[in-house]
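Have a look at these structures, which come just after this line.
Each of the next two complexes has chain A plus one more chain, namely chain B in the first and chain C in the second.
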Partner chain A sequence: MQLKPIDPHPAENTGQTAADSSSRKLSSADVLMAAAMALPGLLALPAHAENAPEGTTLSFKYLNYSDSQNDSGNIAKTGSGSRMTVNAPALGFSTGIGESWGVDISGVYDSVSGASPLYHSTLSGASGKGIKDERKAADAKLTRYFSRSSVGFGVAYSTEHDYTSRAVSLDYRIATDDNNTTFAMGTGYSSDRIQDSNGTVILFFGTQQKKRSNDFMVGVTHNLTANDIIQSNITYATGKGYFDDPYKQFDKRPDSRNDLAWLTRINHYYNGADATLNFTYRYFTNSWGMRAQTFETEWRQQLPRGWMVIPALRYYTQNSADFYSDLDIQNTGSPANLNTSYPGITSTNYADKPFYTADSRLSAFGAITPGFKIRKEFSKGEIADLKLEFYQQRASWRLGGEGSPGIEPWKAYIIQAGYSKTF
Partner chain B sequence: MMLIRTLTITALLLLAGCASTVQPWERGNLAKPIMSFEPDPMDGRFTKHIYFSKEASSGGYGVGGGGCGCN
Partner chain C sequence: MLCPHALKTTALKLFKFSFAAMACQNELQFYWQDEASAHGVARDVIAEVQRIEAKYSRYRDDSTLTGINRSAGMAASTVDAETAALLTYANACYSQSGGLFDITSGVLRRAWNFREPRIPTQLELDALLPLVGWQKLTWQNPVLWLPAGMEIDFGGIGKEYAADRAGSVALERGIRHGFINLGGDIRVLGPHPDNTPWLIGITHPRKNNAVLASMAIPSGALATSGDYERFFELDGKRYSHILDPRTGYPVTGLQSVTVVGPLCTVAGSLCTIAMLKGNEGGSFLAVQELPWLAVDSQGRISGPLAVKI
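Let's look at the complex of A and B:
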């Protein structure tokens, strides 16, 4: 499951109910409240805890992604190590219908080309020559807003030549009487089909396979102080079906997986600097014996004339899956060997193992991403932005010990350019 | 057990949180767009998609994204 936020504008939780008082007789408290509302900076606050989007926003984002890693099977270490390249334009549309309804629609077209490792960081001959694929995905969400709560219903569809996913979701949010706390809960279901490809060689594949997932979330957003807001969410996903990677050699995974993620994030506003410091921490664990931690921070600095700069840093660490097999360094270096013997699995233990993988994404490693984003808000609701990130995975960066041996460092450049206009 | 522990801690966090009261007229800063947890949803979506494709963990943000052959 790829999870997406159900809470795109949690700052709106901070809204007022006092402005609703026009239908009641004015009391002195109302007058005081009205006076408070007239203070600079407060006028734009939403009148309800939950608000439909004001106006219509059209947004466009373009992603360019390219990664590289030395091929462990290429003894001479020739070539650039270039692997996958992704170019993806995306369109988003968001609008409010009256005061009670909101609609969000988005679509993306991914064009993917390049090669991914057959196992560990080895491409191995013809199979490493690469793939060319495209992915089209779209999702839509309808939200009904009430004075203190909202209900959202979403659908999502994604298709590639060898993979199709259909998903639905339902979420509910409700604010407390004082509007300082909002509770969120949600559930989602996805049904995925993994089909045989046309033209591209899928190496280790049977007939069409299926995967089904249910996910659940509970969360709370709370105003801690006049300058601090905190959110904590727990999501639990349970999936059944085909989890193997059909493009990897010697990949046999359990047919179920349960994931638990606990994410907490806090934003602090600095009055003097007119800036926000964000910090996010996520703990993750699943039924494959994996544990991972993510630490993210970013500084959003507003500057004169609508400019904003956002430096960011992310650190990620994970251990390996229970059934991950380390690279047996003595067995590598001879590509002729590779189809008959599995590196890391010896004749003594191979037959006993019900599950095994050499997918480096299930290995133990750490990763660091520095990023920088620049954004300019023009008049009339026009925003343009550019973001650059450099993402790097290394076994030795794993928190509290060495990562999986024998995997080459892996690097990616991520560029995003965006433009949006609110009417 | 992890789940129970996590839920307990979150419940405690909630209770502790309820003790504080930010008055309506004190929420001007909190309502600013830069105080949003998802200031750029499309950026967030791309970023989560990339990490979902290249790392073993995901989740924590919400529900309903659907799957992909990238993982």
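Let's look at the complex of A and C:
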């Protein structure tokens, strides 16, 4: 949220030039304006939270993701340098109906192509033959706005050749009388189906499997001062059903998982620089023994003529799941000696173990993502942006110790371009 | 499929409400679709003005302000966040005006009664002046210590703040075209639906019912302060309600000041400071980078807005 003063329309006839103002100290008007910003509830901008959207907004985003992993030869993985590309165009539509209803609809079409590491994949749907998959997803949300509160109801659907997900959600937000504090709570339910695909890969369950999850969220956003906002959310999710990776022979996971995530974000707006610094910390833990932390910081710098630049840096670290099995780096990972690639799991003993996985997403690692976004507002309601992110994951970057051995550093580029216009 | 354009063309009608609060006649005008809900919205906006009046009225025994003043010399008051922000704002007014804008100067009204033309004696003023001075109280957010006999009031801030707060409520409730006018302190909530600005007349400081100038304001705020609001004349000399906290006497030099700004609170404080600065008011306003208009004691008009007249 930008706590900039409402356009004062002072430009026409102040008799001042830019040169005058830059060479002077702060005027009394500046000082009083800064003091007035501390007055509660004074700057309820038209974009205030509990308001139905004004007009109709159409937005288009295009995402391109491509990843690569070093090829050092003795690691259980296949393929060469660049392995997976995702292209995802997304379309969004948002409109207000009267003063108190809002509708948001969005759709995305992902196409995934390329090889994926055979045993240590970062995307499901991996196979040694190379994969090509499509995902179509759509969601719709209806929101009823009251004077200080809103209630939203959403539905979502997504489908891939082997995976279908349906979800519903309900959320409620309420602001205090002075608008300095907003409470939010929400709940969601999703029902997923994993089905056999058309024979290009082997699934290890044979028939269709299901997964159901519920999540609950409570959160609070509080304006500490006119320039500082703190937000804190706790989300608890509980899921039951099939969590295994159906493309992996040695993958057996518990049939339930409970996740707890706590996110805290602090925003500070610098009047002098006309910029916002935000810092986010997220702590995550689940019943599989995983703990993850995310540290993220972002500087949103307003520039003249509607430009904004946003450099950002994110650090993520996690330990491995209790039943994650380290890769034996002494062995090569060809399918022929698959059984010996995981020291804890062999063809002779894996049946005795209740749960095991070699999915690198459940291994211990750290990841650093520098990013840069540039945004331009052409006129009121017309915005274009471009974001570049470079994700790099290494076992050794795990916070407080070595990560899981045997996994080569992992890199990914994410390019996202967006355009939106409000009519 | 929804057709948002059809929904958007719902005809907006102009609704006008007038109400008394803060010892003024006030006005709220805005465009809205239907009459039934327009009344509800107006009620919420006006309720915010009444809330602030009830909280900061010096005439009400049960107001927060009266509670603070009553504890002067006896106990420190721990104030709520809103009052704290207003006190901090008042501190900024004091420092930016070189000590002229002082929310403790209200005690001088005990000597100046604008209902009858009588100049207080120096003895009367000398008895009151020791009770005036922001620097004499202790403000350590959120604790205020007022020495015995001293008082604060938010005259010169409260009404303007109420206009902004009521404006916030109006924007929250979805008003995009309208304004609120609290006794000449105006917060504009957005232009007419066809984007033409509101034309706001500025009262002539000497001619009754005459307009000095007309300002086109699409959004933001406009405040005016003048020596004509409360005054008496004695022996050809005008004594107005704007009192210099150093001498205890009404200021002279300007008849009226108007400032246009993003917030009514700031525009209003700048008007008051300019009035207090008298002959230096114009040069004070000239460096504020906000449009203004001043009428000096000779009736001469100056300021960047003067060219629009």
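Worth a mention:
As a working rule, the second predicted complex is superposed on the first by the 335 of 423 C-alpha atoms of A that agree within 3 Å, B and C clash if a C-alpha of one lies under 4 Å from a C-alpha of the other, contacts with A are read in each partner's own complex, and residues count from 1 in each chain.
By our rule, a contact is a pair of C-beta atoms (placed from the backbone, for glycine too) under 8 Å apart; a residue touches a chain by one contact, two chains touch by 3 or more.
Just so you know, these numbers come straight off a predicted model, no measurement behind them.
In the superposed three-chain model, the partner touching more residues of chain A is B, compared with the other of chain B and chain C. In the superposed model, A:139 makes contact with chain B only, not with chain C. Legend: residue contacts after superposition of the two complexes on their common chain; A:95 is shown touching chain C, with no touch to chain B.
Of the two partner chains, both chain B and chain C are touched by A:178. Once the two complexes are laid over each other on the shared chain, residue contacts for A:411 go to neither chain B nor chain C.
Of the two partner chains, chain C is the only one touched by A:147; chain B is not. Residue contacts after overlaying the shared chain place A:229 against chain B, while chain C stays out of touching range.
In the superposed pair of complexes, A:387 makes contact with chain B only, with no contact to chain C. Contacts of A:376 after superposition on the shared chain: neither chain B nor chain C is touched. When the two complexes are laid over each other on chain A, chain A has residues 5-10, 12, 14-16, 33, 36, 39-42, 44-46, 178-180 in contact with both chain B and chain C.
Residues 1-12, 14-18, 33, 36-37, 39-42, 44-46, 59, 61, 63, 65, 88, 90, 92, 106, 108, 133, 135, 137, 139, 154, 156-158, 160, 162-163, 165-171, 176, 178-181, 186-188, 190, 192, 194, 211, 213, 215-227, 229-237, 259-263, 265, 267, 269, 271, 275-276, 278, 282-286, 288, 290, 292, 294, 300, 302, 308, 316, 318, 321, 361-362, 367, 373, 385, 387, 391, 393, 410, 412, 414, 416, 418 of chain A touch chain B in their complex. Taken in their complex, chain C has these residues touching chain A: 2, 4-5, 7-8, 10, 33, 37, 44, 81-82, 85-86, 88-89, 91-93, 95-97, 161, 164-165, 167-169, 171-174, 176, 190, 217-220, 260-263, 265-266, 269-270, 273, 284, 286-291, 304-305, 307-308. In the complex of the two chains, the chain B residues touching chain A come out as 2-3, 6-7, 10, 13-14, 17-18, 20-22, 24-52, 54-71. Chain A makes touch with chain C in their complex at residues 5-10, 12-16, 21, 24, 27-36, 38-46, 48, 50-52, 54-56, 95-100, 103, 147, 178-180, 423.
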